[in-house]
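All chains are identified by letter, namely A, B, C, D and E, in their written order; residue positions are counted from 1 within each chain.
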Amino acid sequence: MSYNSAILLIAAPLLMAFLSFILGIFNKRIPAILLVLTLSFNFYFSTYLLTLVSSKGVLVSVISGFEPPFGINLVLTYFSLLLLSLIYLIILSASVVFVSKKTDENTVKVATLLFLFTAAASGLLLTGDIFNMFVFFEIFAVANISLISLKKNKTSLKGSFKYLLLSSIGSAFLLFGIGMIYGTLGTLNIAEIGLRFYELSPLTGAFIFIMFLGAILSETETFPFNFWITDSYKGARNFVNILLGSASSVAALYIFFRLFFTIIGYPINNRYEFLISMDARLIIALISAISVIVSEIGALSSKSVKRILAFSSASQMGMILFAFSISDFNSFSAALTLIFNLSLSKAILFLSSHEIMKGAKEKNIESFTGGLGRNPVFSALFIFGSLSMVGFPLTLGFYGKISLVASAVSASGYFSILVFVILLASAAELFYYFRLMHKLFVSEQNHTEKTKMNWFYAASGSLLLAVMIILALMPKFTERIVSSAAGDMMDKTTYIERVLKAEDLK
Amino acid sequence: MLLTSTNEIKDNGMERILNFFRKKSLWMLHYCTGCGAVELPPTMTSRWDMERFGMGPMATPRQADLLLITGYLSVKSLKRVIYTYEQMQEPKWVIAFGSCPINGGIYYDSYSVINRLALYMPVDLSIEGCMPRPEAIIDGFTKLMKAIEKGEAVGYKKYRENYEWYKANQRNVLERTSAVLKEEA
Amino acid sequence: MIDNRLIYVMSLLLFLVGLYGVLTRKNILKMLVAVSIMETAANIFLIGLGYISNSSAPILSESLKQVNLLGSNISDPLPHSLVLTAIVIGVGTTALGIAIAVRLYSHYRTLNINKMGDKDEL
Amino acid sequence: MVNIMLRFLFAAFTSIIMGLLFMGIGRKFIARIRRHYAGPFYQSFIDVIKLFSKKSISHNWIMDFGVMMGFAGIIATIIFMPIGPFNVFSQMQGNIIIIIYFMTIGYLGMAMGVAASGNPNATIGIARALTLMLGYEIPFVLTVILLVFANNSSLLQVMVVNQQGGFMEWNAIRYPFAFLAALIALQGMLGEQPFDAMIAPSEIASGPMVELSGKFLGFGFLQHAAQIFLETGIIVNMFLGGSQNFFIFFAKQLALYLLTVAVSGIFPRYRFEDAVKFFWMAPTALAAIQLIIFII
Amino acid sequence: MILYSFLFALLTALLSLFIRREYNYIRWILYSAVLASLTFLIYTMNGLWGYSESFKLLSVGSVDFSLNFKVTPLSWLFSFFTTGLSLSISLFSIVKNRHEESERSIGFFWLILSVCNIAIFLSADLLTLFIFWEAMTFVSFFVISPGWTKSFKAVNYYFILSILGAFAMLVGIFFLYSKSATFNIESNIAQLFVLYELNSPQAIFITLMFVLGFFTKSALMPFHIWPAEAHSEAPDDFSSYLSGIMIKYGLYGSILFLVPLFVFISKFSQTQPMSNHIPLFSHILAWVGAITSVVATFLAVKSNDMKRLAAWSTVGNIGYAATSIFILSSMGVAGGIFHIINHAIFKTAIFLSLAAVKYRTHEREMHRLGGLAYKMPVTFLTFLLGIIAAAGIPPLNGYASKWMIYQSLLSGRFPFLATMIFLSSTGAFMYLFRALHSVFLGQLPSKFDDVKEVPFLMQIPMYILMLLMVIIGIFPGTVLLPVNSILKSMNMEEIKVTYTTMYSMLSSVDAPIVFLVFAGSFAFAFILYLIGKPRRHVELLDNYTAGQDPKEFGLTREMYHFALKFYEPFEHMFDKYPRTNTKEFYDSFERKINETGSFIKKFYSSSPRSAVYIFTLSIVLIIIYGWLVW
């Protein structure tokens, strides 16, 4: 298989979505099995492409013969494929969780939704066309909303409705932005837009910037735009939480990067700047810092575990956006490490907390009491996950946080003040994670009977944990991944050159 | 009655030498139940100046050598006096003031006052009078000192030897009022 | 005939109308309608981009067999296709919204959004 | 070795004998102030011998141990103090910091002994004494610091040497405020009125001594005597030029002690928290003023 | 070698998780064995100054994460003493934890903590220091609060303050790193010194960050509240580790980083303000130490909980050591280090004896105890020697270091600092005696009539610690000679000291003579005691009760024990003055955050429309912001 068949990554899930609908009539197990198989294939294929890309550089998979900048084409960069593999891994673990559920009349629909989700995510990360990105963005949102509303209780419906409203407004914004770009530059190819963005007047640039901001910030769970998170996380089912907290976040971050750094930003002196005259990087940094603080405070006073995890997810996203806004090689490396940490450990946390709270009436902190006695495996998973989340030394979170501080401090005074504030806020994060972990250690006599072990959960959790440990303890491997991805992120020129096949663009 | 005479338990040898110091430094504890307490301050202060003899008031029975019973003793206070006396360290002496501890004085027919202190604890010296004047008190003190020097003031030894006898007496009188005391409690 | 700028302004106004609707309507369905209006505004904006004054539709008819690229007077076809896609997606979103609205109604027995902000366990 | 032991015994006995003598003279002195005669000047010796001749009780081994330790602490402190021209150890001529710390052993031992007696009155007395200690240590330490700075040494012997040559050289004249502060602190250290709330006899039954009988009280007596000797000795060495002559040294100590006794004769008693406040106000201010004057 | 021994210990900890509950003494024996081998390993490193190990982990961006260990005299002394002390504590724990409820997690995390402890001391660069610092903080959370609700509340103060401090230190480290591009301690000190000359405010900011990190850990002034909470609620045997060893990290960091820096500045700087021949900054820090000791002393006087009292005492002692260190004379630094070591020993002893008391009585409030000395003589002696050392009374080890601290303060001409230290030292005597009385002396409550001395295995560490206190008191050179080599490695003037004698500018003291004088005096007193007439023992209630027979009166021994509100009148002395309660300040801070949090949560769970409102509003705000900036 060559890189030109990268479209399979999108097409296979789409095809399977239809197939599973049909096959589901015969046996409701089939779609679930198909799901796992497809995702395994996708994961394998994306890693294969990753190795290909790491040796050959950015590749362009042309669809239907139109050479860029015309037509729709898929751009395979190291960065996007890396995140894609990560997303597949998470969807895989989520679907293992999903498979473990008893089949009911919804199983086939959910499987279809998951296929749709996979396809949309693949499309988002692979496409080189901004309108195409919009389309996948919408599909992605629809899949997310439907998944959230699966549980059909008040909270989930309310959450999904909020999400729907915000993402619809956001997509309208995005559409306006895309329209503006098309109207002025006459192209929809991301590479070409990035190349010619400087031709725009500053006012137009600012308009587009605001539109993009409005479109993406609600997806990246950034504070004033993220009012959907608590209800959605709290109301959604467990595997949806994993998808939302990890896969969606990663995809959103990828879109954020493409919109703001490939299109609007351009690298000078080892750093991305924005063409519009107000210092856009500072706006992003400020918003993300505020987001971190507000989410940490919100999580600190929350009692429901899922709500805490939701807030924590928002704050981590804020931290990653902050790392993006510093936007040099070091901060991108930090951001990548943080992305790995966020997606893997958040998935583990959602998974294990669900198992620990099993049987409790109220899904709040108190239901964690005595978890270690009741459910040692998942408690241990939870502890590992949260230790990585809060940055226990020599875990992914630690490396990410430290290198974030390092890059922020060396950037400029403004960022070092903000990073200080963020660090203070993340002390609150430590506090509530340790509060949860402490509850696990509490031993009470009436809770000692062990809960039944769910092997699917355990398998999927330990899969994620294994990846996390490998990343943390295999320095060479992680170092290579992170540095080549960050290098890829920094290298906008190669991206444009490779896509537009123009070597002499400089 | 008493089982041992004073001569048999007199101080001898080394004790006689130490008695010289003891008599010169009599620290007293005054149990001020009656009117005798009024007479003590003039005895202590500059007019009669008890401190000439090395005597001084002490705060607790542990520190004192000399117990002053200054007046009548009710049954209830007798119990306290005995407790205090037993807490004092040997050698120790008791001086009874006035006629009440000797024979009951004006309370001789009271149901609640004991008539004769010597039945319940060894009194080394009684100072007569109702109440004794400071001169008489000083006189009594000097007599006690002489007795100590001769080794004859050995009431505490008597108490030790005749412990059972004293205790029986004490029990008798205390049981007489125990019904009242119990009710009180 | 029609100035492009007018279209832009109109679409912007329409967008604001939609926003106003989302902000002020109490009924969920009306809110969804307002959201649709916003999307429509964006669509109109896109269409307006492709529009050139006094041009004809971009249909390859007999008379336009010879396409003179320099002096052509046809409007840009690409926005139309884009809008077509966007409309389809918008319909999907709206349908989803309506489905959720139905569910919400079955829970709350009302469509008034103000009565849905119930205080659950924090 | 034998030499040192003899010197040790000399210092111990001197301190006890002189301390008891001072006590007796002090009692005589205060009796004269109050217009009566007291016992002879050797009354304190009689008292001590009587006390050791009495039988006694203790409640447990800690009481025995504590009382001995209290006495030993004071004696050990005296070993470090220059007594006139005499030093037990020629190389450590009165390190004032060691002396201040060694004094605490005495307090600790006594406090431990009487606390083991289990009488709350004793413990209340100890609590008061320790609180008071917090009061008088501050002005005292400030004067010590002043003299250490002035002499550039923390040895009492050096201070004494620097004061030779007429009484105008005495630190008492050079640093009058500090001397005043030290005198007030001395009043507190000796537990004389107005700072004797810890042994209030009719309130808490003589406080720490409440359960002491016979030789235990005798130890208390001896400790107090040695303490008088020690503390007046320290002040004499620090402020009154010490002396190369035993008798002049003792005379200075006696004068200082009589001054203290005279003050105590005319003052009523402070509540002890007021006493602490007083110590932190007046004498501390005096000592601090002197220190600031010195530094400037 | 170092890293492998760490890995070995960690592996042991991991394996020990699988020991069954019935055999859990095996786990503690295992830990003792591991700690013993670690102690031996560190002992063999004596003299191998400069021996280093390095392990590369990974590099993210421009930061190279690696672990570097190095043996220096300073690190050797600290790691040797702390590991030795943890060995003795673990001996105590073998029996103590046999029936402890959550001993599995205590043990597991404690062994990890011991590893972090050694690693902190042996770390050769700032990043390694930070890594283990952070790990230590995280792990200690679970030992202080192994699932106990009460100790969770207490540990929060510790945890949050430590974390904030650690983060401040992190910022400081990376500010320096962005200038010097290395984590090496010496070159960073040099870099910071250069920065002081070039850009003083920034340098002060960086130093302040480090100071925050170190001072929160060592509980100096504005952060002094956590030990009282955490030490008192931690497992009893762990309290001694916490108080004896863990609170010293901040001071270790100060000696490692700040003291060389300030010495540099005081020697070479032309621009920095000086006061009393030391940099003003350092002088202020010395004052912070002194004020801490005074404040802690007053708070200790007030506390009725015995562990809390000991914790405040710890804060006070840290205050002395900090004062002594920051006056930068070699006498002061040596005295500070010496006091840190001594404090580790005697405070471990004090906490172990308190743990023994609690093991037998299950009581912590002092007024409920009393008279235990008659039942637990070894524990009593340990505590007695501990407080004698803590109050700085000769002839035990505490006085030797306090003597040095005074000498350094006096010879450096810091009269008011010396006075404050003296005040708190006298106060220390005051509250320590209170603890001695209330727990061990006075009346024995009748419910403790059948209390026994702790098992022999628990007594062993007490004997060891008593012996250490006496030996170091008599031969201060055993510690001071290694301290001298520390001074040498820090390029400071060495102090004059032999095995027995300490010299200073002002005077000298010969410790064995001090001991012999005390022994002689005691012998003298004992002879006098023998001369007197024999005494007899009476029971405790045969006591002066103003003539009243306690049995008839219904007086029990509990009622006759004066221990509650011991220094109440003294506390009332300060009633008139307005009080600032640091703990309340932190609590109110927490309350404010929670209120804000509830407000935020309310918004998040409100109706979807407010979400849209805020969305629109924020977009408008961003536009306005952009407009204004533009």
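Keep this in mind: contacts are C-beta pairs under 8 Å (C-beta built on N, C-alpha and C of every residue); 3 or more make two chains touch, one makes a residue touch a chain.
As the structure is a prediction and not an experimental result, all values here were calculated from the model.
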*Count how many hops through touching chains it takes, at the least, to reach subunit D starting from subunit B.*
1
*Looking at the contacts, which chains touch subunit C and subunit E alike?*
A
*asked:* Which chain is most central here if centres come from C-alpha coordinates alone?
replied: E
*Far-end chain from subunit C, centres as C-alpha averages*: B
*B-E versus A-C: which has more C-beta pairs touching?*
A-C
_Just the number, please: Cα centre separation of subunit C and subunit D in whole Å._
98
*In whole angstrom, what separates the CA-based centres of subunit B and subunit E?*
59
*asked:* Just the number, please: Cα centre separation of subunit D and subunit E in whole Å.
replied: 35
*What is the distance, in whole Å, between the centres of subunit A and subunit D, each centre taken as the mean of its C-alpha atoms?*
78
*Hunt down the residues of subunit A that sit against at least two other chains at once, touch-wise.*
158, 161, 165, 169, 301-302, 307
_Give me the residue numbers in subunit B that touch at least two other chains, ranges are fine._
60, 62
_Give me the residue numbers in subunit E that touch at least two other chains, ranges are fine._
542, 544, 598, 601, 605, 607-608, 610, 612
*asked:* Per the touch rule above, enumerate the chain pairs that touch, sorted by label.
replied: A-C, A-E, B-D, B-E, C-E, D-E
*Which subunit E residues qualify as touching subunit A in the complex?*
56-63, 65, 101-102, 105, 131-132, 134-135, 138, 141-142, 145-149, 152, 156, 159-160, 163-164, 167, 170-171, 174-175, 177-178, 593-594, 596-598, 600-601, 603-605, 607-608, 610-612, 614-615, 617-619, 621-623, 625-626, 629-630
*Provide the residue numbers of subunit B that touch subunit D in the complex, in ascending order.*
18, 21-22, 24-25, 45-46, 49, 51-54, 57-60, 62-63, 65, 89-91
_Residue numbers of subunit B touching subunit E in their complex, please._
31, 60-62, 79-81, 83-84, 87
*So in the complex, which bits of subunit E are touching subunit C?*
598, 601-602, 605-610, 612-613, 616
*Any idea which subunit E residues touch subunit B in the complex?*
542, 544, 547-549
